[in-house]
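Presented sequentially are two complexes of subunit A, the first with subunit B as partner and the second with subunit C.
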Partner chain A sequence: MKFIRPMVILFGLIAVWQTIVMVSGVPPYILPGPVKVVEAAVSHAGLLFDNAVTTVLEIIAGLLIGTIWGALNALFMIEFRALKRWLLPVLVISQAIPVFALAPLLVLWLGYGMSSKIAMAVLIIFFPVTAAFYDGLRSTEPEWLELAQVMNARPIAVIRHIRIPAALPAFASGLRVATAVAPIGAVVGEWVGSSKGLGFYMLYTNARMQIDVMFAALAVLCIVALTLYFIVDRMMTKLVFWQKEENIKEKNNR
Partner chain B sequence: MHYNFNTDNPRGLRSAAPSISLEQVSFTYPGAQIFHSLNFTIAGGQWTCLIGPSGCGKSTLLRLISGTLHEGLSGVIRFDDGYDRQGRTAWMAQKDLLLPWLNVVDNVCLGARLRHEMSDQKQKRAISLLEDAGLGDYIHALPSALSGGMRQRVALLRTLMEERSIILMDEPFSALDALTRLKLQDLAAKLVGGATVLMVTHDPLEALRLGHSVYVMTGRPARLSDPLIPPGIPPRNPGDPAVISMQAELIERLERRETP
Partner chain C sequence: MKLKLLMVLFIAAALLAGVSNTAVASEKITVVLDWFINPDHAPLIIASEKGFFKQRGLDVSFQVPSNPNDPPKLVAAKKADIAVSYQPQHYLHVDQGLPLVRIATLIATPLNTLVVLADSGIDNLSQLKGKTIGYSIGGFETVILKVMLERQGLSLDDVKLVNVNFSLLPSLYSGNTDAVIGAFRNFELNQMDIDKRPGRAFFVEEYGIPSYDELILVAHRDAIHNVKLRKFVDALEDGVQYLVNHPKRSWELFIRGRKDLNNRLNRLAWRDTLSRFALRPGALDRHRYQRFAEFLKKQGLIKKVPQLDTYAVELPGP
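This part shows the complex of A and B:
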């Protein structure tokens, strides 16, 4: 059932798509049917792959840097209370500016290459990571901390052995959200100014009226985003291995 | 004594478990005075039980002794061997407080880990403690795989692993079923050796089984009764006629205290 359900959904959506195309008689330069898109994907496979590699690299680099930056922010805010009072408003302001509005500036500053897209992705990613991880670090079970205090624990050991592991479930959900939105950063960056990547390729094919190829690029982007999400989701489940066990136990007890 | 407690920490030696003296101790939470000029001596190397209604300040007293609570405290709390109170106590709570991401043996060694004192020797000692407590098959299991009674047994061993001469227990067995509770009480009584134990409890039978002396704490600010001294050596048999008759007396004292 685990695999059948997504397949049914996928083919159902494709069938609806095909039906709309056939019934409405929309011209293919507005809405190409699934068969035409698959044909376009096959005939442009090389170009699609090249551009997908660029976008994937941008997203992964953005995820890595954004996650590390986001996690460090959270740790600093927990460790240094004074810093938190200064950093938190800055973080909130940084999120108040729509990243889309920053895209032209980033391209101006960092150029047409990958770095401006990575910067965009980082800007989108780090905040959910910081927010979730900080929340997790802040809400450590007080009795664990009290126990550690009675045990004469070193502060750094409390962070490492208690606070960080206790915050990992929250961190994991933050990273899941971040992964889901990461492609936005890369693609918007590519729209604003670039010569490579799926976002660029979509604009390029659109301008040349190759709407079927544009749809194929969109489909590839979808697959990339989903694959990435499932990989991260798996990794996070492994990271908080004890939660899984608890869930299993809960189910058995029911 | 079942275990040999000589360690690299001379202050943890059980043979010299100090008594605890509270002199003129007052403590105020915002809006409520919990203790006012309380004088209380907890005998060294013995098991002292504190019993009383919820919210009367029993847990607060433990926290004041362990040092996790000190704001709002006036008066003197000292250990009569003259050493500083810092790092002398071990604490066992009602919740087992096992870390779900550490396996059983790592949980038992938590204190050493948190002090960066972990060694193979400590690990081996933890394993032998676990084996003696009947948890040999679960050394590498996660806490989630254990029953409530087993988890609390691990928590007990973690407390003993600290090798502190003073052990503070806050209703450690109250969440367990009756039979498991009796077993764990026996195990605890066997393993604490000559440490000074102060245990807070709701359960009169538990207090009378385990305590060398039992105090009733009531009122606000809280007051302590004269001690009840059950005959015989703990852990006492729950069917012991002396225990049963004292239980009646203890319950009567609790009731009398609750209706001023």
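This part shows the complex of A and C:
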């Protein structure tokens, strides 16, 4: 059942799509049907794969750097109260500026290679991680902290053994959100200027009016995003195994 | 008393509206431009400002797209009557089955150039070896580069191509590219002078690209027998005629009510664009269109050379 349901949803959506295309007679340059898109994907598989590799690398690098950077931000803010007062507004401002507006500048500063795309992804990724992790760190059970105080624990030890483990479930949900939005950063970067990647390939095919190939690239991007999300989700469930148990317990109690 | 007056006014207004409606039973035409209003569109704007459309009972409105690739698709989907398109792109659209036909020409020469910074030391295309070149339109612009480079005994593998998505001058100024294709000779070169970063242009038609119409007007295949299109093109001809006869007065008309257009770049571009407008917008140079189709076929951009009448026409008289 676990796998059947998503499959049914997926094929249901594709069937609806094909029906719309067939019934409305909408020409392929407005909306190509799934059959045409699959054909395009097969005949352009090599190019799609090459470009997907670039985008995947950008997303993974963005995720790694963004997660580390996001986690460090949260830790710093919890450790140094004074810093928090200065850092928090900066972080919020950084999110208030739409990446679409920043993208052209980042490309000019960092060049048309991968680094500008990674920077864009980092910019999108780090904030959900920071926000969630910081919230988690802040809401440690007061009894545990009191216990640590009673036992005369050093501040580093409190962070390492109490606050971080207690905040991991929050961190995990932040990371899940970040993974879901990560592809946006990379693709926006590619749209502004690039010579490789799925976003680049979509621009190229759009200019050549190969709308079916463009949809194929879009589909590959979706698959990449879903796979990444699935992997990160599994990793997080493993990492914070106790949260899962609690959930199960909760469920059983009900 | 007040109510009565209001009612009289209301009836009068209704009557007036009715009268004016019957007097100018105007036909609506929506034109999607390729870009923000700029001097390239002068004949259209002048025809509108001088009332040449209205004289023929046409009510023409202009729309500005957010992406220069969109207008032909809007016309193909019958969401607009006329789109400003580019002759080279037009072949790709037709090749992909878009039911579009060129009905008039706005700019009768290429505007596209390959531009480098004047102080870059590149004064010969062979010096592009190993350099980074920026472009915006996949397909046609890479073919232009390929042909231009092949003349110098180079190939696309000798340069690094990067899609800068219309951010031409910033990429050039910042040193991220050494040359860009897609710079318009009447705009980008003037902008570079204004920015004190003068450029050097290589005109594509002097380096092996057959000459073509940079800006054309396309309509839906089903609409070409509609008399309103013929009227539209006639009005456009009046517009371009007035424009070349009275360039100064035309400029005043162009910026009337569009103060934001009154800047140095547009004044310089106006001067440089005057000589490039199609003086006979409705005329079709059949050989030239056929020659370009064969060029694109040879370069592998289109699958087959289309029958000329299916994608470019001289509109029939009324």
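FYI, the second predicted complex is superposed on the first by the 253 of 254 C-alpha atoms of A that agree within 3 Å, B and C clash if a C-alpha of one lies under 4 Å from a C-alpha of the other, contacts with A are read in each partner's own complex, and residues count from 1 in each chain.
Simple rule for what comes next: contacts are C-beta pairs under 8 Å (C-beta built on N, C-alpha and C of every residue); 3 or more make two chains touch, one makes a residue touch a chain.
Being a predicted model, the structure only gives us computed values, none of them experimental.
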First, second, both or neither for A:S195, with subunit B first and subunit C second: second
First, second, both or neither for A:V150, with subunit B first and subunit C second: first
Which of subunit B and subunit C A:V158 touches, first, second, both or neither: first
Subunit B versus subunit C as contact partner of A:F126, first or second or both or neither: neither
First (subunit B), second (subunit C), both or neither touched by A:Y134: neither
Partner chain(s) touched by A:F171 [first = subunit B, second = subunit C, both, neither]: neither
Subunit B versus subunit C as contact partner of A:R208, first or second or both or neither: second
Complex interface listing, subunit A residues touching subunit B: 141, 143-144, 146-154, 157-158, 161-162, 165-166, 168, 240-243, 245-246, 249
In the complex with subunit A, residue positions of subunit C that touch it: 69, 73, 76-77, 89, 92-93, 95-98, 132, 134, 136-140, 160-165, 167, 170-171, 174, 176-177, 301
Residue ranges of subunit B touching subunit A (in the complex, touch as defined): 63, 66-68, 86-87, 89-91, 93, 95, 97, 99-102, 110-111, 113-116, 142, 144-145, 162, 168
In the complex with subunit C, residue positions of subunit A that touch it: 27-30, 104, 107-109, 111-112, 191-195, 200, 203-211
